[in-house]
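Listed below are the structures to be examined.
Both complexes below contain chain A, partnered by chain B and then by chain C.
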Partner chain A sequence: MIRFENVTKAYGSFTAISDLSLDIHQGEFFSLLGPSGCGKSTMMRMLAGFESVTSGRILLDGVDLTGMPPNRRPINMMFQSFALFPHMNVARNIGFGLKQARWRKRDIADRVDEMLALVQMENFADRKPHQLSGGQMQRVALARSLALKPKVLLLDEPLGALDKKLREETQFQLMDVQDRLGLTFIIVTHDQEEAMTVSSRIAVMKDGKLLQVGEPSRIYEHPANAYVADFIGNVNLLPVRISATDGELIDVTWGNGRNMVIRPQPEDRLSAGAQKTLVLRPEKIHVSKERPEEAFNINMVEGVVEEISYIGSVSTFHVRLDDGVLIRAQEANRLLASRREIDWDDRVWLSWRAGACVIIES
Partner chain B sequence: MRKVSLRSLMIAVPYVWLLLFFLIPFLIVVKISLSDSITASPPYTPQLTVQDGLAGLWAALSEFDFENYVWLIEDGVYLKAYLFSLKVAAISTLVSLLIGYPIAYGMAKAPKRWRSTLLLLLILPFWTSFLIRIYAWIGILKSEGYLNIALLKLRLINEPLNILYTDAAVYIGIVYSYLPFMILPLYASLERIDGRLLEAAEDLGCGSVSAFWQVTFPLSLPGVIAGSFLVFIPAIGEFVIPDLLGGSATLMIGKTLWLEFFANRDWGVASAVAIVLLMILIVPIVLFQRHQQKHQGELG
Partner chain C sequence: MNRRFNTFNLTALTFGFGFLYLPLLLVIIFSFNDSRLVTVWGGFSTKWYAVVLANEAYMEAAWITLRIAALSASLATVLGTLSAVVMVRMGSFPGRTLYSGMIYAPLVMPEVVTGLSLLLLFVAIGIDRGFWTITIAHVTFSMCYASVVVTSRLRTFDRSLEDAARDLGCSPFSAFCQITLPIIAPAVMSAWLLSFTLSLDDLVIATFTSGPGSTTLPMKLYSSVRLGVSPEINALSTMLIGIVASGVLIASLVNRRQERRLENETRAAAPA
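Right after this comes the complex of A and B.
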C-alpha cells in the first residue's frame, strides 16, 4: 500500500535517509523504531509531506506522492505533544479538517460526535485543550487525526508525553481503534517496548538505514544483527566458533574453550570453524544454587553473583563466570525478595536449553 | 514571626511607593480640579493647610464645586479635543498594527540566530532621546526636508508636499514613536506559537493562507490586543508630537491641557481636563488588565 522506493533524504552534506526501500501493507500497525537521529521521524515527515524526498519516491496505493502538499495527501498525522489548537474547543479541534474540506455543518457535527464517541470523550466537547489532562489531549488528537477518514494514520511518538501507566492503557486503546477501523497505522517511537506491544511489524532503523523489518517476535527472537539484538531488550552477546555442524544440535566453542550445544535455525548458514555471535536473552537462562541435572540439550556453567537488580516482577543476576565472562540472567521473582535463596557473592549455576539461543553474523 | 513581618514589609514597599507618588499626587489634582481659579500664587482657592486642622478641611470641602467640569462640557473645544484625540489614537493604533504585524511576523519567522539582532535593532531608537527623534522628523517632513528633496529628485512630485504641521505629520510621528510597543508584544505572541500547530493545520487540509487566518492570527490576538493598548493609551494623551509636528489646528487633549495649565494658568480647568482624560483612559486600561490576566491563565 505504501512503498518507499530507494528513498534518500539529504540535508546539505548530511544524509538522513539513504537509499531506503520499504513496503507497508494495508491494515498494518507498523512501527518505525530506532534511537533519536536514526531518521525515523524524517521518514514520517516525508510521508506526511512536510519534507521533500531528495531522490527516490514514495507511493501510496500506486500513486506517486512526490510534490503533493501535505494538505492534499489522504494521510493524517497525530503529532508529538498532540498540537491541539489551543484557541479551539475539543469539538472544533476535531472538526477542523472537516471544515477545511467544506463539509456541511450538520455533517461535521455528526462526524465530531462519532469521533468523540470513538475515543470516549463525549462529555468534553466544549472544553479547551488547556482544561484537559495529557491522556484526554491524546484522545482528542487521535479523534482529530481520524476525523477525515485518512487511508493512513501517522503517529509521531504518540505516547511520549504520557506517564507509564497511562501509556499502557493508551497502547491498547490505539490497538483497539486501529483494529476496529482497519486503518493503516504507522507509529514512530524510540520505545522498543511500545513498538513490541502495539505493532504487527517493526522496522528497526539506525543512521538512516533499515536494519531489520519484521514481526515483533521475529525481531526479538531472531535479530538480524548485534545492534538490533542489543537495541531490543536485554541480551548477552557471546562470540562463538562453530566446531561441529552435523546433527540436530551443533557444537560451538566460546569463552576459554567451553563447549555449548545449540539448535540452529533452518536458515542459518553454518560451516565448521566460522566465527559467529550468539544471542542469549537473560530470561532464557535459569539460575540455581544446585547443579541442574545433566541432559544432552542443556548447557550449564558456574559463576559468582556480582550484582542483582530487582525490578519487582523479575530480578536480573549479573553472574561472573570463572573465566571472566559476565552473563546476565533473569528469573521471575516467584518468592518474596526477603526469602530469596540467591544472594550477592553466591556461587550459582546458569543453565539454558540448546534451542534458547540464536546465532547471528559477527 | 519575624519572617512574616519582613515579608509584609517587602510587600508594603510598592504600595507605599504608589501611595506617595501616585495616589497623593492624584488626590491633589482632584482637589485642584474642584477648586476655583484665582489670580494668585498658587492660582487656586481654597487651600488646605495642616494648621487649620479638621475645621479647615470642612470649610474647604464646602467650597468645592464641579464648576470646572461644567465648563468642560459647556465649552465645545474640550469635547472636540477629546474626540480628536480618540480618533488620532485609534487611527494610529490601526496603522501601527498594519505596519507592525508583518514586521513582527517576519521577525518571529526569521532564523533563530537573527532574532536577537532584529530585536536589538527594534529597540535601538530608544537609545536616542525621544525629543531628538521627533525633531529629526521635522527635518524629514518640512517643505525643503529630506522626504520632499528625495521625491522631487525622483520626479514623483513637482512641488514639495506640505506634510509638516498637519494632522498627517502627527500620525506619522505617533506611529513612528509607538511602533516598537506594537511590535514587541506581537512578536512575543507570534514567536511562541508552536510550529507543529501550523503543520497540523496543513495536515488537516489547510492552505498556508487559511492556516494563517485560522491558527496564527487567532493565537496572536493577545499580542494584537496588548500592542494596541500599548499604542492607544499613551497616544490619547500625547502632547509632544502634536505640539512639535502638528499645526495650530491640531488640538489634541494633551496640548489643550498644556495650554490651560501654562498659557491660561487655569489650574482648576487643567486639572479637570486631566481627571476626565484619566477617566477616559481607565476603561481601556481596565480592559487591558483583564485581558492580560485571562490570557495568562489560558496560554501561560
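Right after this comes the complex of A and C.
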C-alpha cells in the first residue's frame, strides 16, 4: 500500500535516510523504531509531506506522492506535542479538517460527535485544550487526526508525553481503534516495549538505514544482527565457534573452550569452524543453587552472583563465570524478595535449553 | 521589612521617581492652573482645556496626528509581522544578516539621520511632502519596533501547530491566518499600540518629512513653545501624556495577560 522506493534524504552533506526501500501493507500497525537521530521522524515527515525526498519516491496505492503538499495527501498525522489549537474548543479542533474540506455544517457536527464517541470524550466538546489532562489531549488529537477518514494515520511518539500507567492504557486504546477502523497506522517511537506491544510489524532503524523489518516476536527472538539484538531488550551476546554442524543439535565452543549444544534454525547456514555470535536472552536462563539434572539438550555453567537488580516482577542476576565471562540471567520473583534463596556472592548454576538461543553473524 | 524599606532604598526610589516624573507632574499640575502665568499657582481650573479644545489649529493638528498614527501603526504592524515571519521561519537565506541588520538599524539610528535620509529620498523621487510622506516615514521606523515585538512571540510559537493545520488541509497562508495569527494576536496588538504611540510622539522625523498643511501636534507644540510657554500648552501636553501613557499601559497589560495565559497553557500542556 505504501512503498518507499530507494528513498534518500540529505540535508546538505548529512544523509538522514540513505537508499531505503520499504513496503507497508493495508491495515498494518507498523512501527518505525530506533534511537533518536536514526531518521525515523524524517521518514514520517516525508510521508506526511513536510519534508521533500532528495531521491527515490514514495507511493501510496500506486500513486507517486512526490511534490504533493501535506494538505493534499490522504494521510493524517498525530503530533508528539498533540498540537491542539489552543484558541479552539475540542469540537472545533476535531472539526477543523472537515471545515477546510468544506463539509456542510450539519455533516461536520455529526462527524465530530462520532469522533468524540470513538474516543469517549462526549462530555468535553466545549472544553479548551488547556482545560484537559494529558491523556484527554491525546484522545482529542487522535480524534482530530481520524476525522478526515485518512487512508493512513501517522503517529509521532504518540505516547511520549504521557506517564507510564496512562501509556499502557492508551496503547490498548490505540490498538482497539486501529482494529475497529481497519486503518493503516504507522507509529514512530524509540520505546521498544511500546513498539512490541502495539505493532504487527516493526522496522528497526539506525543511521538512516533499515536493520530489520519483521513481526515483534521475529525481531526479538531472531534479530538480524547484534545491534538489533541489543536494542530490543536485554541480551547476552557471546562469541562462539561452530565445532560440528551435523544433526538436529550442533556443538559450538565459547569462552575458554567451553562446549554448548544449540538447535540451529533451518535457514542458518553454518559451517564448521565459522565464528558467529550467539544471542541468549536473560529470561531464557534458569538460575539455581543446585546443579540441574543432566540432559542431552541442556547447557549448564557455574558462576558467582556479582549483582542482583530487583525490579519487582523480575530480578536480573549478573553472574561471573569462572573464566571471567559475565552472563545476565533473569528469574521471575516467585517468592517474596525477603525469602529469596540466592544472594550476592553465592555460587549458582545457570542452565538453558539448546533451543533457547539463536546464532547470528558476528 | 527593614531590608526593603531602608534609607538607601528609599532615597534611590525617590531620586528615580523624581527624575522620571517630576517634570511631567509639574506640567500636569500647572495645566489645571487658573493663572495666566505659567509658573505661579492661581487656583484650580480646567479652563485651559476648554481653550485648547476651542483652538482650531490645535485640533486640526491633533486630527492629522491621530490619522497618521493610526495609519502608520497599521501599516507598520503588517510589515513588521511579515518581517518577523521571515526572520523566524525562513532559516538562513542569502542576505539574511543584512536583512536583520536593516530591521534593527532604525532602533539605534539617530532620528536626525533617519529623517534626513527620508527627506532626501522624497525630494529625489519628487513626492510632495505632507500627510503621506510623514506616514511613510513613521512606518519605516515603527515597523522595526513592531517586528521586534512579534519576532519574540513567534520564536516561542510551536511550529507543529501550523504543521497540524497543514496536515488537516490548510495551505501555508491559510494555516497562518487561521492558526498562527489568532494565537499571536496579543503580540500583534501590542506591536500596533507601540507603533501608534511612537508615531504620536515623533517630532524630529515629522519635521523633516512634513509639508505645508500637515503640521502634527508635537510640531505645533514645539513651535508654540518657541513663542513662549502658555498654560494651554500645559493642558495640551497633559492630554498627550494621557494618550501615550494609556497606549503603553494597554500594550503592556495585553502582553502580560498573554504571558500569563501562555504560562497556564504550557503548564497544562506538560503532563507530569
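As a working rule, the second predicted complex is superposed on the first by the 362 of 362 C-alpha atoms of A that agree within 3 Å, B and C clash if a C-alpha of one lies under 4 Å from a C-alpha of the other, contacts with A are read in each partner's own complex, and residues count from 1 in each chain.
Here is the rule we use: a residue touches a chain if its C-beta (ideal position, glycine included) is under 8 Å from a C-beta of that chain, and two chains touch if they have at least 3 such contacts.
What you see is a predicted model, and the numbers here were worked out from it, not measured in a lab.
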Clash or fit, chain B versus chain C on superposed chain A: clash
Partner chain in contact with A:V188 - chain B first, chain C second, else both or neither: neither
Which of chain B and chain C A:L162 touches, first, second, both or neither: second
Which of chain B and chain C A:I262 touches, first, second, both or neither: neither
Chain touching more of chain A, residue-wise (chain B, chain C): C
Partner chain(s) touched by A:L132 [first = chain B, second = chain C, both, neither]: second
Touching both chain C and chain B, counted on chain A across the two superposed complexes: 48, 50, 69-71, 75-77, 79-81, 83, 85-87, 96-97, 100-101, 130, 144-145, 148
Residues on chain B engaged by chain A in the complex (per definition of touch): 194, 196-197, 199-207, 210, 214-215, 218-219, 221, 298-299
Chain A partner contacts - residues on chain C that touch it in the complex: 158, 160-161, 163-171, 174, 179, 182-183, 264-265, 268-272
Footprint of chain B on chain A - complex, ascending: 48, 50, 69-71, 75-77, 79-81, 83, 85-87, 96-97, 100-101, 128, 130, 144-145, 148
Footprint of chain C on chain A - complex, ascending: 48, 50, 69-71, 75-77, 79-83, 85-87, 96-97, 100-101, 129-135, 137, 144-145, 148, 161-163
